[in-house]
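There are two complexes below, and they share chain A, which is joined by chain B in the first and by chain C in the second.
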Partner chain A sequence: MSRYQAELGRISAVRGVRGAMLVSMADGLVVAESLMDGVDGRAVAALAASLAGRLARTTAEAGLESPRVLHLHAERGTLLAVPAAAVELLVVAVTQSDANLGLARLEMLDVAQALG
Partner chain B sequence: MSESIRVMTAELVADPASLVFLDLGETLRRRGQLQAALRVAESGMARYPELADARDLAARIHSDLGDGEAAFDAWMDALQRDPSHLGAHKGLGFLYYRAGDLPRALRHLEMARTRSDEPGLARAIATVRATLRGAASEGAGESPAPPPARPSEPMAPTRRQRDGLPFELDEDEEDLPLEAELFEGFEGSRDGLLLLDVNGLRLGGGLRDRDGRDVADAVAAHLSGVSREAARAARLLDLGTWQRLSAECGPGNLHLAAPSPDTVLLAARDASVTAGRLAVIADRAAAAARRWLERAS
Partner chain C sequence: MRTLEPWVGPPLEHFLAESEARVVLLMTSAGQVVAQHGFTRSLDVMAAAALGAGIVASTTEVARLMDQQGFGALVHQGSEQGMLLSGFETPRGRWVGLVVFGNETSVGLVQLFWDELVRELAAVAPPETTQAPVLAENFERELNASLHALFGR
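Then we have the complex of A and B:
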């Protein structure tokens, strides 16, 4: 198991998390993933990177720092993204609506810090 | 019963946990229906005992009823729950000024000023400072008595009894243009809440960066793309309709929601406002935006 897989495993182990990935911030491609069946990793990667990029441009316009945590809440689940800016990666997780988001967020911040 | 009160009452009946009670209570208060407003506020406080906004609402109503002691207690309760609460600092500044305790009045007004750029607050602070300077030069050499911890009589002025005060709790409440009514009464109504249409055009509210520059239109232009991206991501990932997007950005937090299918709301606060509280603020602002959109249409 690669170092990346071990890190992602910590996030995937959180209740309600359907998958975790490392995504290249620049092009939205998958670097590593730990996903449940039925989760389209490439789509998650591309959409998360695009959303994070747009939001970063918006926060810059508002005079704020780039987002440290991004949290898209929808009817049936959540998309979480945490940039590891030093290595230009995005730690991404997709969860069910009943997931332990607080713990997932903490694990993702830990992983982002460990990456760089 | 006005249409807006009817709509809010129906919303509260359908969902007793709705935070619309804050807007309903405030609307009733402004219309002078103080007992009804108090019942709404007390019911809301029972459901949300830790919500500072509910205490602030109750304090305003008590103030209008002329019960300064109850208003004071409610505003102090609000500050215990949110030490930087704008309405509570304004209200306490108001009470202390009325009671002649200018140092305490000034302290609360200055705290309020850190959260709002209302022109009335700046005028009030200037007036209190000038009065304090005058008192200091007249009484040079005398050691002033320590101010009381609680405003003494006369206590809270009623809404019809504010002669001689340098400011009012209900600044600019008369004849507001429709745009200004949108987030009226909300903290950050002109610098931390923004409503835009799907094309990125600002409908109301405002946003300033940390240097005080107006960035509302520029941010609105970007946000329409963000909301489209959020909707697309939620749909393609089979997560259903997106409900909110929040971002922790170091010293500031953002919260994005869609009050209607054609509009996007942004709430921005510094990091001292927790993500959970920001969500509550955004929910209330979204409810206000929906009502405003109904009226505007």
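Then we have the complex of A and C:
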């Protein structure tokens, strides 16, 4: 198991997490993934990287710091993304609506720090 | 955006809006242009079509030598712009797409919506009609009509 897969396994193990990925921030391509069936990793990676890039530009224009956590709450679940800026990767998780989001965020921040 | 075939328009517009690509060229595998967006000079588009079709033909041969069915897409990434070149099957035969994109989007996003465009084109393509033979007296008129459709002149 690669180092990246081991890190993603920590996030995937959190209750309600349907999958976790490392995504190249510039390209929107999947670097490593640990996903349940039914999650289109390629699409999530491309769209999450695009969203993160736009939000980073938005906060920069507003004179704010870059976002540390993106939390997109949807009807049937949540998309979480944490930039690991030093290695230009984005840690992404897709969760069910009843997931333990607090723990998932903590694990993602920890993984982002470990990668950097 | 300009197209020779009207049914290509809506899927291509959707692709352009979602992917934020700068330039798109759809052509047959022989290099005949079907639709274009972003080119301003006919010389550029004809050269790009010929080169793109040639590259896809070459990589298809390389794939054949490697006992592969073919490569899905070829991506060149530069510091300012990237290019995606992809051959794909349609009910009208094999087509080639050339997409140029900048830093405002990403290769992942372009590939994602490119795959969607290919599916949409396959879904909306009308059945192929028998082409009338190209006669010498029609050739110039048809060529001018195609150039007018693609470049508005």
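The working rule: the second predicted complex is superposed on the first by the 116 of 116 C-alpha atoms of A that agree within 3 Å, B and C clash if a C-alpha of one lies under 4 Å from a C-alpha of the other, contacts with A are read in each partner's own complex, and residues count from 1 in each chain.
The rule we apply is simple: contacts are C-beta pairs under 8 Å (C-beta built on N, C-alpha and C of every residue); 3 or more make two chains touch, one makes a residue touch a chain.
Keep in mind it's a predicted model, so treat the numbers as computed, not measured.
S.K.: Answer with clash or fit: chain B and chain C placed together on chain A by superposition.
M.R.: In the superposition, chain B and chain C stay clear of each other.
S.K.: May I ask you to name which of chain B and chain C touches more residues of chain A?
M.R.: After superposition, B is the partner touching more of chain A.
S.K.: Which partner does A:28 contact after superposing on A: first (chain B), second (chain C), both, neither?
M.R.: A:28: touches chain C, not chain B.
S.K.: Who does A:114 touch here: chain B (first), chain C (second), both, or neither?
M.R.: Neither: A:114 stays clear of chain B and chain C.
S.K.: Does chain B (first) or chain C (second) touch A:65, or do both, or does neither?
M.R.: In the superposition, A:65 touches chain B alone.
S.K.: Determine, under the contact definition given at the top, whether A:6 touches first (chain B), second (chain C), both, or neither.
M.R.: neither
S.K.: State whether A:106 touches chain B only (first), chain C only (second), both chains, or neither.
M.R.: It touches nothing on chain B or chain C.
S.K.: For A:78, decide between first (touching chain B), second (touching chain C), both and neither.
M.R.: It touches chain B, and chain C stays clear.
S.K.: Using only C-alpha centres after the superposition, what angle do chain B and chain C make about chain A, to the nearest 10 degrees?
M.R.: 110
S.K.: Should A:42 be classified as contacting the first partner (chain B), the second (chain C), both, or neither?
M.R.: A:42: touches chain C, not chain B.
S.K.: For the superposed arrangement, tell me the lowest C-alpha distance between chain B and chain C in Å.
M.R.: The answer for the closest chain B-chain C C-alpha pair is 9 Å.
S.K.: Which chain A residues lie in the overlap of the chain B contact set and the chain C contact set?
M.R.: On chain A, the overlap between the chain B and chain C contacts is residues 43, 47, 50.
S.K.: How about chain B: which of its residues touch chain A in the complex?
M.R.: Touch list, chain B to chain A: 207, 209-211, 213, 215, 218-219, 222-223, 225-226, 229-230, 232-234, 236-252, 254, 268.
S.K.: Give every residue of chain A touching chain B within the complex, in rising order.
M.R.: 40, 43-44, 47-48, 50-51, 54-55, 57-59, 61-79, 94
S.K.: Note which residues of chain C are touching chain A in the complex, please.
M.R.: Against chain A, chain C makes touches at 77, 105-109, 111-112.
S.K.: Spell out the part of chain A that touches chain C in their complex, as residue ranges.
M.R.: Residues in contact with chain C: 23-24, 26-30, 42-43, 45-47, 49-50, 53.
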